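Down below is the structure, laid out as structure tokens.
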Amino acid sequence: MSLSKFQIAKRIAQELQDGYYVNLGIGIPTLIANYIPENISVVLQSENGLLGMGPFPFKENVDSDLINAGKETITTLKGSALFSSAESFAMIRSGRVDLTVLGAMEVAQNGDIANWKIPGKMVKGMGGAMDLVASAKNIIVAMMHTNKKGQSKLLPNCSLPLTGQHCIKKIVTNLAVIEIVDSKFLLKEYAPGVSIEQIIDSTAGELIVADNVCQMKID
Amino acid sequence: MKKVYKNAEQAIFDVEDNSTIMLGGFGLCGIPENLISALVKRGTRGLTCISNNAGVDDFGIGLLLKTKQVRKMISSYVGENAEFERQLLNNELEVELIPQGTLAERCRAAGAGIPAFYTPSGVGTEIAQNKEKRIFDGKTFILETAFKSDFAFIKAWKGDTLGNLVYKGTARNFNPMMATAGKITIVEVEHLVEVGELDPNEIHTPNIYVNRIFEGQNYEKRIEKITTQ
Amino acid sequence: MKKVYKNAEQAIFDVEDNSTIMLGGFGLCGIPENLISALVKRGTRGLTCISNNAGVDDFGIGLLLKTKQVRKMISSYVGENAEFERQLLNNELEVELIPQGTLAERCRAAGAGIPAFYTPSGVGTEIAQNKEKRIFDGKTFILETAFKSDFAFIKAWKGDTLGNLVYKGTARNFNPMMATAGKITIVEVEHLVEVGELDPNEIHTPNIYVNRIFEGQNYEKRIEKITTQ
Amino acid sequence: MSLSKFQIAKRIAQELQDGYYVNLGIGIPTLIANYIPENISVVLQSENGLLGMGPFPFKENVDSDLINAGKETITTLKGSALFSSAESFAMIRSGRVDLTVLGAMEVAQNGDIANWKIPGKMVKGMGGAMDLVASAKNIIVAMMHTNKKGQSKLLPNCSLPLTGQHCIKKIVTNLAVIEIVDSKFLLKEYAPGVSIEQIIDSTAGELIVADNVCQMKID
């Protein structure tokens, strides 16, 4: 009864606030765009040079000169702005992006994140992830609680090469919403049908259960 | 002082072996297709390519990898093609991975006469190894230097014969900074227009940065992932 | 999240004494006329103004000098007015002079998350005193840091209600970098237009940098030196 | 029989080459624009954000949003480009401007220049001069050979605060064309009707007369 990736996206969409500028990473984060509450307006930043990313185009409107950072064809919206990669990362580094959501291989209880390299395997590169985690004011990690082998991805320390240090404050997984406070994982919400014991068992790092822990509200 | 060349072959007449070349583009979007093809034809070897990505097996910088003309790639994200991976694993290819924002800023610095700058990107990671660290206002930054390159290969949408450029959509990406950063900047445009046709207020790259320009041919403008509603 | 304000008075409601304010413009070209007037009316004092110039006796920042609201000017070229000179000679005003390119780049750095950078400008002059020097490729550079400012007062030609901006002619000057560099960026435009009226490909300042925007009134746009054929 | 400021400008115009990007300072340098040879094309850069500066406007076309670095109303040309001050000085610092011409109060035989500050007098600022002299590949100083008191402006060392160090290679005055070679002034050309002795007398720094010294060609 853990969450699907769509439900993880839905839960994170609840974190959005009116007027937010948001950068969504590849994978689950991208799905969040589908669940933006109708009563607020947020602007999506694509780090390859677009502010105000629209939905995928209709077939007849596909434009090879208009892609997102995941290299998918997209559209602009009224009010969009186009710019260079240098300008794009100027925005990111100067902290103008209100919320960054990205995936991770590992998150440590001190806020470290690893999501770009597995030693011994083919390394494709960090893309914009290191810039994003180094500068974002507000980062949420969207990921499965455990990896394909069933091992916890919430660790006392990251074992993989880091993407960024002490930068993660919130994690939304298929099992739980967890904050990082005082270098410990703090369980704030559990997924419907998931027990706190199951979350404790699935978390290798030190996990504290918040006094006001509650069940996630997901349709 | 004529900047206009007939085609890509003529525009790269002096690109020699072991050159360092910046190439604009993000994925396959906004890449200098004609210049890459001409470089394949020319057979120039030992190249160091500074480019955000490395193309796919049969398009973009992938074409230069297939012919083993590339000695080193400096990129933020690579490996969308099998030949790249094969060469890397066989130590036939050197790869330097750089955070995308740092890659962009090192190009910008080169074109702005800034030899080095501090950035937070990569602090606490292996990117920061052997780099000077410094604290400003309680936060740690690392020192990064401007790139040096012999040539910049740029793709723009429109350009006039003096070298003023306008890009289209997200095909802009790395092109504007790289256009400022090449010792010699060579530009291919989809539409070469007469001086006076571009509004001075809407120019993305001012002509002073452009050394050579030509109208490209047979643009394929391949899309990596066609996603539709 | 409404960015649109009715007028300058409302847009500067929280500008307090002793604030540091960046003001766009070169000479009297592209200065935020409405914001300056509103600041005079508000009577905010002890200001540090970062602006390339300091206006003339009865226009631009000169108006803030006359009312003694300015404690310190950070500029590249000043003194086009008598009151400025009088206050400076009487030690009523502090002035920090900075090479124009360094002034521009320190604004750009602030808006780009770059805390410091090396530049050749001023090496071997009194500007370099007490600044860190460093040699890159045999040439000496000095370290300069990003500006910090509480507010940026920007003048654009057109802006949409989301905050996208387009400048006109050489009234662009310092406005784009300063627009990125204010903790709170307040923009006055000659024409406030609906979202969708500006071409995404022709925007000079993307909306993410703009916190507040309003349509200015009664632009004088005074010319310092009318020169004609 | 020394040159007028117009003739100094005319002589410097002979240094222009086809395709040059040129930044002209305030004063005599500005006049050079009137003497660009017809068979070449040069692009004038104005550091407040314009490449391709045109002539002064006709009265009916004066535009308050279009001025040069001297704050005079100007025009654009076909092929002009407008940009920010940061972009403008990016061009300058990266050495893309082929020739910079500016005035000076003093030039030293080692190439130092002083043109922005007289201690004890009102200091207006260096504007863009320090950036220009720090980065230009090719700088020509346009000035009178002596100051209003008749004192030489070509000195063994600058007495005034410097604008830039070791950066000047050529000086055109009302009396002569002088290059700086091996930290000495090298007299290359004398103005019509001006004797070499007069130039030597008017030059406080060490002056060598070039073997091929000749009379300036000025209409």
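We just call them A, B, C and D in the order they show up, numbering each chain from 1.
In this text, a contact is a pair of C-beta atoms (placed from the backbone, for glycine too) under 8 Å apart; a residue touches a chain by one contact, two chains touch by 3 or more.
Computed from a predicted model, the values in this text were never measured in an experiment.
Least step count on the touch graph, subunit A to subunit D: 2. In terms of C-beta pairs in contact, C-D outnumbers the other of A-C and C-D. Per-chain Cα centroids separate subunit A from subunit C by 36 Å. Centroids built from CA atoms put subunit C at 33 Å from subunit B. Mean C-alpha position of subunit A lies 29 Å from that of subunit B. Residue positions of subunit B touching 2 or more other chains, listed in rising order: 105, 112-114, 119-120, 168-169, 201. Counting partners per residue, subunit A has 50, 76, 82-83, 86, 89, 92-93, 135 as the residues that reach two or more other chains.
Taken as a graph of touching chains, this assembly has some other topology, since it is neither a line, a ring, a star nor fully connected. Of all residues in subunit D, those touching subunit B in their complex are 18-19, 21, 41, 43, 45, 50-52, 76, 78-83, 86-87, 89-97, 135. On subunit B, the positions that touch subunit C within their shared complex are 105, 109, 112-120, 134, 136-137, 139, 141, 145, 166-169, 201-202.
Those residues of subunit D that touch subunit C in the complex are listed here as 46-50, 55-59, 62-74, 76, 82-86, 88-89, 92-93, 112, 122-131, 134-135, 161-166.
Only residues 26-30, 52, 75-80, 85, 88-89, 97, 99-105, 107-108, 119-127, 157, 168-177, 204, 221-229 of subunit C touch subunit D when the two sit together in their complex. Of all residues in subunit C, those touching subunit A in their complex are 1, 110-114, 160, 162, 164, 180, 195-196, 200-201, 203, 206-209.
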